[in-house]
Amino acid sequence: MERPRHQGMAKNTYMRWRLPLVCLLWEVAMIILFGVFVRFGPEADAHWEEEKQEMNLTSDIENDFYFRYPSFQDVHVMIFVGFGFLMTFLKRYGFGAVGFNFLLAAFGIQWALLMQGWFHSFKSGKILIGVENLINADFCVGSVCIAFGAILGKTSPIQLLIMTLFQVTLFAVNEYILLNLLHIKDAGGSMTIHTFGAYFGLTVTRILYRPNLEQSKDKQGSVYHSDLFAMIGTLYLWMYWPSFNSAISEHGDAQHRAAINTYCSLAACVLTTVAFSSMLQKKGKLDMVHIQNATLAGGVAVGTSAEMMLTPYGSLIVGFICGIVSTVGYVYLTPFLESRLHIQDTCGIHNLHAMPGLIGGIVGAITAAAATEDVYGKEGFIKAFDFTGTYRTRTPSVQGGFQAAGIVVSLLMAFAGGTLVDLPWWGQSPCGKHRPGWCFLRGVPGHSSCPCTRAAIQSLGEGQL
Amino acid sequence: MERPRHQGMAKNTYMRWRLPLVCLLWEVAMIILFGVFVRFGPEADAHWEEEKQEMNLTSDIENDFYFRYPSFQDVHVMIFVGFGFLMTFLKRYGFGAVGFNFLLAAFGIQWALLMQGWFHSFKSGKILIGVENLINADFCVGSVCIAFGAILGKTSPIQLLIMTLFQVTLFAVNEYILLNLLHIKDAGGSMTIHTFGAYFGLTVTRILYRPNLEQSKDKQGSVYHSDLFAMIGTLYLWMYWPSFNSAISEHGDAQHRAAINTYCSLAACVLTTVAFSSMLQKKGKLDMVHIQNATLAGGVAVGTSAEMMLTPYGSLIVGFICGIVSTVGYVYLTPFLESRLHIQDTCGIHNLHAMPGLIGGIVGAITAAAATEDVYGKEGFIKAFDFTGTYRTRTPSVQGGFQAAGIVVSLLMAFAGGTLVDLPWWGQSPCGKHRPGWCFLRGVPGHSSCPCTRAAIQSLGEGQL
Amino acid sequence: MERPRHQGMAKNTYMRWRLPLVCLLWEVAMIILFGVFVRFGPEADAHWEEEKQEMNLTSDIENDFYFRYPSFQDVHVMIFVGFGFLMTFLKRYGFGAVGFNFLLAAFGIQWALLMQGWFHSFKSGKILIGVENLINADFCVGSVCIAFGAILGKTSPIQLLIMTLFQVTLFAVNEYILLNLLHIKDAGGSMTIHTFGAYFGLTVTRILYRPNLEQSKDKQGSVYHSDLFAMIGTLYLWMYWPSFNSAISEHGDAQHRAAINTYCSLAACVLTTVAFSSMLQKKGKLDMVHIQNATLAGGVAVGTSAEMMLTPYGSLIVGFICGIVSTVGYVYLTPFLESRLHIQDTCGIHNLHAMPGLIGGIVGAITAAAATEDVYGKEGFIKAFDFTGTYRTRTPSVQGGFQAAGIVVSLLMAFAGGTLVDLPWWGQSPCGKHRPGWCFLRGVPGHSSCPCTRAAIQSLGEGQL
């Protein structure tokens, strides 16, 4: 009987060194890759003085920093405080939610700077970065935070880091296909961030399905204070979403318009969320989960179209619909997904990101297809859709078709990616007796009857925080 | 004995549908009105490229978005996180405070965009909105959040929505009288937001007076964590108040000056709040309620004059006085108002908004009356008070008189408005036996002896959240 | 036996009046000094219209307000919410941490505006202030907040105000020596803010050493919610640190670069903090104290060099090292400092600010010494180090030497200042029997055996909040 204990100790020692090793080696890799590839872009480089003269700029205020830095900081708050605290509603996973979100985002932004840099900012062998790259890196990591919401409480930090590496890579590829090859617009990332991130996470959680998880449901309850902490996350996401959707839009009217559209959509979404939350609950009480999540669906759903001439009332309509869809999703769809499709969606990202993301992609396609020179003005029309060079002759309806194709591509990438990650292989072995990944492996006989599954759920659920 | 129960069920069904119906119908109304009236302003419209050429602007950075968006986001945080969390200090109303504040503000900003738009941004049949409209809508809703502070824990969400509809409407009328007819300055809204909002709320709470409320005083206590949550609200209001008072000032020096004056006033206010809180308490301990509220009075009281040449030491003096007035108010005036005037001011808005708002109006009138071309410069003088067109010949002392008149108008509008709303009629019936509004109706015999009052207090107090 | 009680009452009365008197008298002094000295700078004055014409500026957007105000607000949040909430991790000092931090910062910024104004913005007998002065005042107070972290739970509010007065004064002198006399660069304050503030605080806590403090260790524990509150502080410091390090950099590329370098350093720091926290703990669990603090060390350590051409990978390396140094410090150095050197460092500022600050100074010196015209460009080189006028002929290696001298000066000023403050003299007498300062005085026989020390620890520990 000594042996298992011995093995357990060996496993503990192994575990103790694995997370540090992964973190250190990856960070060393980042330093080497940054050393080889990453340099300051022209607006952040000390040669800017000369650059300014060449570009005939008379003032430092023309530096992109002043156009985008306030929005960048708002996005930054959304990623770290918004997503982090939104997930603190479970009384047992508060630390894990905020802490692991912090870890994966801090790693993810570095890898995203590289991946997105190779695709979009690569000039004469170097990636030249500026504030827009920082925003895009935060966006990319946002899609990982979304996926994290589906698997919250079911993974170890190492699994999260592995997932981040995979997902950021695929995100950059998908983004390249959409923005560069299909030449579509998606400033607020309805497709690239929300649809992709959510379906990626849902595929991963499907693979991580553990039938016995319901036994630990008592840990999933919320308490008064955890709900107030979660409201901090909700409100920061809600307030700063106009910055999110406008952060990388074209200077001037496009940024301005994207903020207004998002503001309107979010406002309408709150009203329909409250309406349906009250209507679908017994006694007409409001459900805090709906208030915390469904109120944000309006921001997701104008992600693609916010910088277009969606108009304020168009935004209200989108928000109106999404508040309903998202709340109904929490009440009817989440239980269905778990019981029938074995998809345990801890934070309900299917309702907050997946469905609204799809709606956002569709709204974007329609808005693009309906664009006319009359509405946008001659120059505004070309600027809004970047119909220059190769794309000079593209018509709005063709653009709408490509936008729709972007949704399909994002979905396929998400399903394929989520399946490929295969987190169980990288996971913490539940008992220390089998090699990592064994117990959770799909198809292995006795998976659900493994005697140590329950212990595993507990140790993983509480994470290492 | 079956009947009352049956009635109760009927009432429950009725209640269950009322909030959803109000939310949905009103949101539909918003969509229709936005569809008919609201369009993007020139700086948010895709025609901006042509507009720029007409206005001879060489850079996108001249778009009003870049002048005001960072301040807008700070104001946005104040309304949703600041006011929301400031009211979480009561251990039982934390959800209600944050959640209902969220609901009323999200509805209010839509109605405010319309009301203020008709008065100020109406051109050829359309309301043209930009970032300044978003700030003004947030401002308008701020006055509703203030009023909410007086009635916290005493109303249902429907009553709050009714109050929001009324108050936003009256706010816009009052603002139109002050800014357009009287041509007075009130950038930070000492009169339009704080004086109006606070006396409106105090009038409403006077009408909602329930003598038995003291029986539930055990629910009004604060606990350690609720006080820390409230400090989040306090600090965000305190930090971002310079943005609040400068958000809609003229570009350039006026915005800059407003931020500095507010920063100074708030800093001084903290010192006198601490001094008087310690002095007036037994054992010299500090009262968290004073720290949470009275420290903010300095921001309210420079609302009108912040963009004027109040000077940093003038701001310190205003903050110095307001910290004292507000703290003394919490210690002596709030109990007096409740016991003698039957005004139950849950959050003490009389001390934080009403009195400092009045002081702010008076300071503004004096600062305006004392203005000289010497202090402001020839051009600066005209720009600061917009002494152009019809008002070309107005003198500082006349301006001071009009500023003072603005205080009186705001007070009258608040009293009249608060009385007209008559929330009890819209309220939740306490027992389900009488029609809504019955038990709480002023002057009805037996009001305080209604056998179900106590149950009512409980059910309302806990709200629907 | 009546007498001690009587004395106790006398002392209570005395205490009750002392804090209010200090607050009121000091605020009156501020008003008088502001009245004599402080006026609006040209960009905040109503004469700006004329100023603009003289400076040949065509747009209000050229006002410094628009270059710096968003960063100012981020810094403001760091000082009041960041530092305030970071210190709430102790379950008993949550109020004290946030409340006293609020008080000292609100007083400190006023005194800092004066002190720094006399040294840097004094023109024809007046201190002319603008947004940059507000940022600098916040920076100065930041160093006091850091020092507060070392003595948290050991001082009364009056002692904190005394310390603030001393430290702000010395900060301004030290800053003047470094920036003006030695002509060194320190935009993010690795030396002036962090090294100076931390060693000042550590010297003060050494003097306040109380051997019996360990008896009250049960009060120092953290609880679940206090750790989540502390994470709010951590995340806001982490997210806004790029704004901190870039807030007063030169317009244009320098601000842009400082933000990018800080972003990179902080990201790397999180990974090594997690690695070493997991490695050095039993069972490989993460320690929340490390996550809350060591993750920020990367921001401190690029404070001096962020605006230089440190390059993104250079920043990653600095962050990499600092995460390790800081975490190891928490595990091994903090206990050593307490047991051997009698330095009770409540929040571990030696690991978060002192060591990373020193590293930051050294990295700055090396980066400056390694600067070449090739890397910076001819104009960029002169602009980056302000090699104009008297300093036209200074070479990078000489600049590096001066930078290194700045570290030494900051250290000496901190040790001298911390010793001179001698807080115990100003303190609350632990028992009311001896005059203030008696029991805690260094070298007094029977210091540790004073019968009332324990009561003192309790009453002081809980503070007046």
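The first chain written gets the first letter, and so on, giving A, B and C; residue counts start at 1 in each chain.
The rule we apply is simple: a residue touches a chain if its C-beta (ideal position, glycine included) is under 8 Å from a C-beta of that chain, and two chains touch if they have at least 3 such contacts.
Only a predicted model underlies this, so the values are computations on that prediction, with no experimental measurement involved.
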Using just the Cα atoms, superpose chain B onto chain C and tell me the rotation angle to the nearest 5°. 120
So chain A and chain B: same face meeting same face, with over half the numbers shared, or different? different
Roughly how far is chain A from chain B, going centre to centre by Cα mean, in whole Å? 35
For chain A, residues that touch 2 or more chains besides their own: 61, 66, 70, 225, 232
Under the touch definition given earlier, write down the residues of chain B that touch chain C in their complex. 61-62, 66-67, 70-71, 74, 224-225, 227-228, 231-232, 235-236, 238-240, 242-243, 251-257, 259-260, 263-264, 266-268, 270-272, 274-276, 278-279, 283-286, 288, 291, 295, 309, 311-313, 316-317, 320, 375-377, 379-381, 383-384
Note: in the complex, chain B contacts chain A through residues 12, 15-17, 19-21, 23-24, 26-28, 30-31, 34-35, 38-40, 43-50, 52, 59-61, 63-66, 69-70, 73, 76-77, 80-81, 84-85, 88, 94-95, 98-99, 102-103, 106-107, 109-110, 113, 129-131, 134, 157, 225, 229, 232, 464-465
